[in-house]
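In order of appearance the chains are A, B, C and D, and numbering begins at 1 in each one.
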Amino acid sequence: MSKTSDNILKQLKVRRQKQKAILGMRWKCAQGGLEFEQLDTFYRAIRPYLCVAQFFGIMPLSNILSRDPQDVKFKVRSIGLVVTGVFLLLGGIKTLIGANVLFKAGLNAKNMVGLVFLIVGIVNWLNFVGFARSWSHIMLPWSSLDILMLFPPYKRCKRSLRWKINVVVLIVGFLAVGDHMLYYASGYCSYSMHIAQCHTNQSRITFDFYLEKEFSDIMFLLPYNIFSVCYGFWLNGAFTFLWNFMDIFIVITSIGLAQRFQQFADRVGALEGRHVPDALWYDIRRDHIRLCELTSLVDASMSNIVFVSCANNVYVICNQALAIFTKLRSPINYVYFWYSLIFLLARTSLVFMTASKIHDASLLPLRSLYLVPSGHWTQEVQRFADQLTSEFVGLSGYRLYYLTRKSLFGMLATLVTYELMLLQMDAKSHKGLRCV
Amino acid sequence: MSKTSDNILKQLKVRRQKQKAILGMRWKCAQGGLEFEQLDTFYRAIRPYLCVAQFFGIMPLSNILSRDPQDVKFKVRSIGLVVTGVFLLLGGIKTLIGANVLFKAGLNAKNMVGLVFLIVGIVNWLNFVGFARSWSHIMLPWSSLDILMLFPPYKRCKRSLRWKINVVVLIVGFLAVGDHMLYYASGYCSYSMHIAQCHTNQSRITFDFYLEKEFSDIMFLLPYNIFSVCYGFWLNGAFTFLWNFMDIFIVITSIGLAQRFQQFADRVGALEGRHVPDALWYDIRRDHIRLCELTSLVDASMSNIVFVSCANNVYVICNQALAIFTKLRSPINYVYFWYSLIFLLARTSLVFMTASKIHDASLLPLRSLYLVPSGHWTQEVQRFADQLTSEFVGLSGYRLYYLTRKSLFGMLATLVTYELMLLQMDAKSHKGLRCV
Amino acid sequence: MSKTSDNILKQLKVRRQKQKAILGMRWKCAQGGLEFEQLDTFYRAIRPYLCVAQFFGIMPLSNILSRDPQDVKFKVRSIGLVVTGVFLLLGGIKTLIGANVLFKAGLNAKNMVGLVFLIVGIVNWLNFVGFARSWSHIMLPWSSLDILMLFPPYKRCKRSLRWKINVVVLIVGFLAVGDHMLYYASGYCSYSMHIAQCHTNQSRITFDFYLEKEFSDIMFLLPYNIFSVCYGFWLNGAFTFLWNFMDIFIVITSIGLAQRFQQFADRVGALEGRHVPDALWYDIRRDHIRLCELTSLVDASMSNIVFVSCANNVYVICNQALAIFTKLRSPINYVYFWYSLIFLLARTSLVFMTASKIHDASLLPLRSLYLVPSGHWTQEVQRFADQLTSEFVGLSGYRLYYLTRKSLFGMLATLVTYELMLLQMDAKSHKGLRCV
Amino acid sequence: MSKTSDNILKQLKVRRQKQKAILGMRWKCAQGGLEFEQLDTFYRAIRPYLCVAQFFGIMPLSNILSRDPQDVKFKVRSIGLVVTGVFLLLGGIKTLIGANVLFKAGLNAKNMVGLVFLIVGIVNWLNFVGFARSWSHIMLPWSSLDILMLFPPYKRCKRSLRWKINVVVLIVGFLAVGDHMLYYASGYCSYSMHIAQCHTNQSRITFDFYLEKEFSDIMFLLPYNIFSVCYGFWLNGAFTFLWNFMDIFIVITSIGLAQRFQQFADRVGALEGRHVPDALWYDIRRDHIRLCELTSLVDASMSNIVFVSCANNVYVICNQALAIFTKLRSPINYVYFWYSLIFLLARTSLVFMTASKIHDASLLPLRSLYLVPSGHWTQEVQRFADQLTSEFVGLSGYRLYYLTRKSLFGMLATLVTYELMLLQMDAKSHKGLRCV
C-alpha cells in the first residue's frame, strides 16, 4: 500500500512488541490475585461464538480453545481452514447448480434472490478468512488495551462486556432460529397449495416431495434418502448461520469498542471539577489516540464484511418490500413474510445503532471539557478538544459510508420512498373499483 | 443505559436538589412583590393545554391544577391514568375491529390509511404516558431556569411566552376544528352521491345512514341510537385531537426553549461594547451549558413523539398527494381535500420552523462575540465561541434527523420529486387526446 | 420578530444614521474632484434596469430618476404603486379567467403549466412590492459601503460593476426576447397544423384566428380588435418580463455583492508579505463584518424572490423535460422547445453560479492568511481566520437551501435522475420493435 | 476572470520564473551525479502515454519527445494541432451523418447512445486542446516540485511513480482492448442472427456485410473497399481510445499528485518524536501550500475533463443497466454485455478511488501532529493543523462535486435505486405466471 501506512504499520509492530511485554508482565502480576481469563476482556466475551463459528467453517483460527489471545493465530495448515475449504467447495457446487438452472430458465428479478443469497454466502466465507488472517494483529493491541482499561484509574462498567454480548447474541440467535424454521413451514405450505391447485396428482403433497423440490439442487447429484436430506438441511443451515453471523459479528465488535470509549468518557468525566496537571491530560490524550488507532485498525480489517452486510441487507429488504401487497396463499405465508421482514429490519437497525454508539461514545468527553475551570484550561486540553472533534471514529464500509444514525436514516428514507412508489402503483391498480 | 449518562443523571439529581432549594428561596423572596404564578414561566403557559389534554387521556399527570410545578407528578394510581386506560381500551377495540375488516377485505395502499391513523393514535397515547413519567424530571430544571431568566441580568421579551403560545395554539386549534368538521361534511357528501349512483334505494340518503356507515366499527358492537352516535363522534374526536396535539405539543415546547435562547442571546448582545471580566464570561458560559443540558434532556424525552409525528405527517401528505389528480365527486370534496392538504403542509412546516428556531437562536451570540474588542478577547471567550459552534442544539427524532430548515427542505424536495413522478404518469395518460 | 434581531435592527438604525453623515461628508469632499454619480456604485449600475421595471409595475419606488440613493424610497401614495396595482388587477383577472376555464375542463399536469406561470407572476409582483419596502434600508448601507470601497486602501476592479452588469443583462435580455418571439411563432405553427389536421374549415388558419385563441381569456371580456390584441401582447409580455426579471435581479445583486468581496480579498492579498499591526487587522475585520451584515440583510429581504425563482425554474424545467421524447409537429416547434429548454437551464445555472461567487469570494482572504509570517500571527489574525470559516455568506431561499454550486449539482442530479426514468419508460415502449 | 485570481496568477508568474531558475540550477547540479531524465518525475512517467495520444490527436503538444519539460509547449502552428484538426473534421463528419440519420428516424432513448458517444468524443478532443494550452503552466511548477521532493529531506517511495502508472495503464489498456474486440464480435453475432431471423436472403450473413452496416455512416460517402473499412476501424478505434484515455488521464494525474502528498506525510511522520524548530515547521507549511496550489491549478485546468468523464460514465452505466433484464440473442452478447458493464463500473470506481487518495493523503500528517509533545506545540504547529483541515484538496468537476469516496457512494446509491426500480417493474411483469 502507501508509504505512510507502511511506516505506521512498522511503528505499530514496534509498539505491539512492547504491548506484548506489558501483557506478559501484567498477566504475571495478576497471577497472584486475579486470573487473566477472569478479566472481562473482549476476547473472553467473543470466544464462545468464535468456537461455534468454527463448526460452520467461519473465521478459521487455530488454538481457539486457548484462553490466551496470544496463542490464537491464523495458520494455513489447520483444521479450521480445511473445514472452511469443505464448506466453500460444497457451497460452490450448490451455487453453480443453482446458477445453471437459473440461466437456463432466464434470469429475472424474482428468481435472482436465491442465487444472490448463495453468492453472498461464498463471498462472506472468503471475507472471514481474510479477517482471520489479521486476527492476531487486531487482538493483541485490543487485549492489551482491555487489560489496561480493566484496572484503575479506569472503572469497570456495571454490566460486564460478556453479559451485554451474551444477551444480544442470544436474542438475535433465538429470533434467527425462529425465522429459519418458519421458512421451511411457509415453503411447505406454499408447495402443498401449489400442487393442490395446479396438479391433479394430489398424492404428491407430502413433506418428502416438498424436500425433494426444496433441495432439488442437491438431489441433482445425490439420490433421495435420509442422508441427503440431512445434508441439505445442514448446508442450508450453514448459509443461514453465516448470513446472521455476519451481522452479529459487527454488533459484537461494536459493543466491544463502544464499551471502551464509554469507560474512557467516564474517566474524563470523573475529573470534572478537579485540578488536572498537564501530564495527566497528556496520558489521557495518548489513551484516546490508542483507542482511535484500534478502531481504525478494526475498521480497515472489517470494511469488506460491513460493506457486504449492508449491501445484502438493503437488497433483501427492498426485495421483500416488493411483495408487500402481493396476495399470499395461506396465513403461515403471511406470518413468515412479516416475521422475516421485521426481523431483517430490526437486525439491520441493530447493526447501525450499535455501531453508531462507538462514535457517540467517542464524543462524550467533550461535555466534560466544557466544565474545565478557566484557570486550568491549558494548551493540552485545547489539543484534546480539537482531537475529539477532528476525526470520525467508527466503522465504515470502505469509508464509502459510515455506520451512523444519519446513514441509517438515509437508508430508511430511501426505502420509504421506494415503498411509496409501490404504494402509488398499487393505488393506481385499485382505482377502477368504486361501486363495490 | 450507558455508564456516563448514568453518571450525568446522578449529577443532575444533585443539581436538581440544589435547584429545588433555589426555587423555594426565590419563590419566598418573590412573595413580597411578585407572585410565582404571575411569572411568565413555561409551566404557566402550557398548563391550560395540559388540562384540556387530560379530558382525552393525554399525558396523565396528577395535581395538574396546582400552580406549583413541584406538585405535578406522574402517579400510577391516578384518575389521569385511568382515563388514559379507558381511551386505550376503547381505541384498541376500534382499531382491532378496523384491522379485522381490512384483513378480510385484503389490505391495500388505499384502505390502509384509516388503520394507520388509528395505530398512530394508540402509539401516541403510550408515548405521552412515557413523557408524563419524565415530566417532573424535566419541569423542575426548566422552571428553575425560567425563574432565573425572568430576573435581571436577563431582560424579558416584549411578547410574553404565554401570549405567543396562546396565539399559535388558538390559530392551529381553530383550523383543526374546521378540518374535522369538513371531514364529516365531505364524507356525507361522498356517501350520498355514492348511494345515488350505485343503489336504487334512494331512501338511504340520510345523515343517519351515513353515520351508521361512518361508525360501522362501533355499530358492530352497539345498537344504533343517539348515545352510540355521540360515542362515535367523541372517540373520533379524541383521535383527531391527539393527532393535532402531537404536533402542537412539539411547537409549544420549541417556542418555550427558543424564547430562552433568545433571551440568552440578548444578554450577550447587551455586553457588546463593554469590558467584560472573565468571571462574567464564565457565568454566561455556565448558563449556556445549563440551557443546552435542558434542551438535550427534553430532546431525549421527546424523541419518540417527534419521530412518530414526522413519520405520520410525511405518510399522510404523500398519501394525499396520491389523489391530487383524481376527479372528485363534488365541490365539498375538493374543498376538504385541498383544505386538509394545505393545513397538513402548514402544520408540518410550522413544527419544523419553530423547532429550527431553537438552533438558530442558539447561534445568535456568535455575532456578538465577533465584536468583542481585541484587548478583551481572552481564552474564556474563545472557549465560549468554540462551545457555541461545536454541538447541535435542538430537537430530533432519535437523532436520526434533526428538526432544522435543511431537513424540512429535504422532506419537501422528496415530496416534490414524488409529486413530479405522479405528474409525469398523469401526463402520460393524457397523451392520446390531441384533437379535442 | 425576535428580541435580538430587534436589538440588532436598532443598532443598525444608529449606525445607518452615522453612515448617512459619512455619506454626506464624503459626497461633499468628492464634490471638488469626482461627482458622486460618477462613482461605480451598485445603485448607479442597477438604476437603468429599475427604471425599465417601473414600466411593468415591478418594484415601485418613487424618485427612481434621482441619482442620490437617499431620495429613492418606497411610498404608498406613488405612481409606481398605482402601476403595480393596475398590473395586479389585470393580471389577477387574467389568472381568474384562466383558472376558471381550467377547473371546468379538469385540472391535470399538462394544462396546469399556464396557470402556474400566471400565479407565479402575481406572487412575484407582490414579492417585489415587499422588496421595495425594504429598499431604502438596504441601499443606504450598501451605498455607503460602495463609497468606502471605491477609495483607497481598496483598489478598483479592472472591469467596473456597471460594465459587468450591463453585459450580463444585455445577453440574457436578448436571449429572452428571442425566446418570447419563438413562443408566438411556435404557437402559431402548432395552431395552424392542428386546424389543418382536425378541422375541415381551413379558412381559420390565419394569424388573427391564432391570436383570438391565444388571447381567449382576454377576448372573453373584450371584443376582438387591434387594441385588445395589443393589450394581450402587452400583458403577456409583462408576465414574461417579470419572469425573466426575477432571475436577472438575483444575478445583478449577486454580482454587486461578489465584486465587493473580491475587492476585500484583494486588499487582504495586498498585505501578504508585509508587517500588519493589530489595529489594521481590526479595521479589516470590521469591514468584513459590515460586508457580511449587508449580505445577510439582502438575503433576508430577497429570500422570497430567490425561493419563488428556484421553485419555478425547477418546475418549468421538469415540465419541459417531460416532453423531451414527444414527437412534435414541425421544425419550429423543435427549435422553440430546445431553445427554451437550454435558455432556461442556462439562466438557472447563471443564477446559481453568480450567487455562489459571493461565498467563494468571501473565502478568498483565507489563502492570504496562510502566508502571514510566524512572527506576525496574532490573536486578531486568528479571530479573523475563524470568522471567515464560521458562517455561510451568500443568498438563500429562506435558509432552506443556499445558492451554491453544491445545490446546483443536487438540483441537476435530481433532474437527471428524473430524466433517466423517462428515458427508461421511453425505452420500454420501444421494446417490441425488433425486425424493423 | 476575477481580480484576485488575476493577482494570484501574476504572483504565480513571478514565482514560476524563480522556479525556472531553481530548476535550471538543480539540473546543472545534478549533471555531475544524476541525469535529470533519470529522476522519477511525473513528466517522465506520463510522457510515453502522451506520445501515444499524439497519434490520435489528443493533447497536441510540440517537442513531446524532449526529456526537458521546459521544451514541451502548446503551439498553434504544430503538427499535433493539425492531427487534432483532422480528427475533429473526420469525427465531426461522422457525427453529423449519424445525427442526420437519427433525427430522420426519430430520436429516442435507445438510439441516442451512439450519438452521445460521438459528441462526447468531439467535446473531449476540444477539452484536451484546452488542457494542452495550460500544459506548460502546470508542468513547470509540478516538475520543480517533483525535483524538490526527490531529494532529501524527502524520501523516495518504494515503488516509483513510473512503475505505478505503468501497471495501472497497462491493466486498464489491456481490458479496454478486450472490450473493443468484444464489441465487434458481439455486433457481428447480433447482425447475423438478426438477418437469419428477419430476412430470407441468408447470403448476407458475412463479415463484409456486417462491416458495411456497422460503418454505414462512412460508406455513405466512400465506396466499400479495404481502405474504407480500415478507415472505419481506425476512426472507431480513435473514439474508443479517447473515451478510455479520458479516464486513464485522470487516474494518472491523481496518482502523481497523491504520491507527492504521501511523501509529504512521510516527511512529517519522520519528525514524530523529535524536537522541531518553528523555522522547520514554517518550511513544511510552505511546501504544503505549494502542493495545495499545484493541486488547485491542476483541478482548475482539468475540471472540464473530469466533468465530461463522470457525466458520460454515469450516462453509459445507466443506459447499460436499462438492458439488464433484456433477453439477448446469443452467449457472446451476454459476455460482451456483462464484460463491458463491469469494465465500466470498475473504471469509474478506479477514477474515483485514485482521485480520492489525493484528499486522503493530504490529511495523513494530522495524525502525526497529534503526537507532537506538549512542550513543542507552538502557534506554527497550530496553524499547520488548521491549514490541513480547512480546505478541500483534490479534483472536482467544476467544484459542483468532488472526486471522493462519498461522491462515489452517492453515485452508486443512485444507480442502485434506479436499478431497484427496474427490478420492480420486471417483477411486476412476471407476476401473472404462477402455475408454470
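Keep this in mind: a contact is a pair of C-beta atoms (placed from the backbone, for glycine too) under 8 Å apart; a residue touches a chain by one contact, two chains touch by 3 or more.
Model, not experiment: these values are computed from the prediction.
**Q** Would the interface of chain C with chain D count as same or different, where same needs over half of all numbers used to appear in both copies?
**A** different
**Q** Using CA atom averages as chain centres, what separation in Å is found between chain C and chain D?
**A** For chain C versus chain D, the centre distance works out to 37 Å.
**Q** Can you give the whole-Å distance between the Cα centres of chain B and chain D?
**A** 52
**Q** Residues of chain C that contact two or more other chains, please.
**A** Expected reply: 421-422.
**Q** Indicate which of the five shapes (line, ring, star, complete, other) describes how the chains touch one another.
**A** Drawn as a graph, the chains make one closed cycle, so a ring.
**Q** Under the stated contact criterion, what part of chain D meets chain C in this complex?
**A** Residues 2-4, 6-8, 106-110, 194, 197-198, 278, 282, 285, 289, 314, 318-319, 322, 326, 379-380, 383, 386-387, 390-391, 398-401, 414, 418, 421-422, 425 of chain D touch chain C in their complex.
**Q** If you look only at chain C, which of its residues touch chain D in the complex?
**A** 155, 157-158, 262-263, 265-266, 269, 325, 327, 361, 364, 366-367, 370-371, 374, 377, 385, 389, 405-406, 408-409, 412-413, 416-417, 420-424, 426-428, 430-431, 434-435
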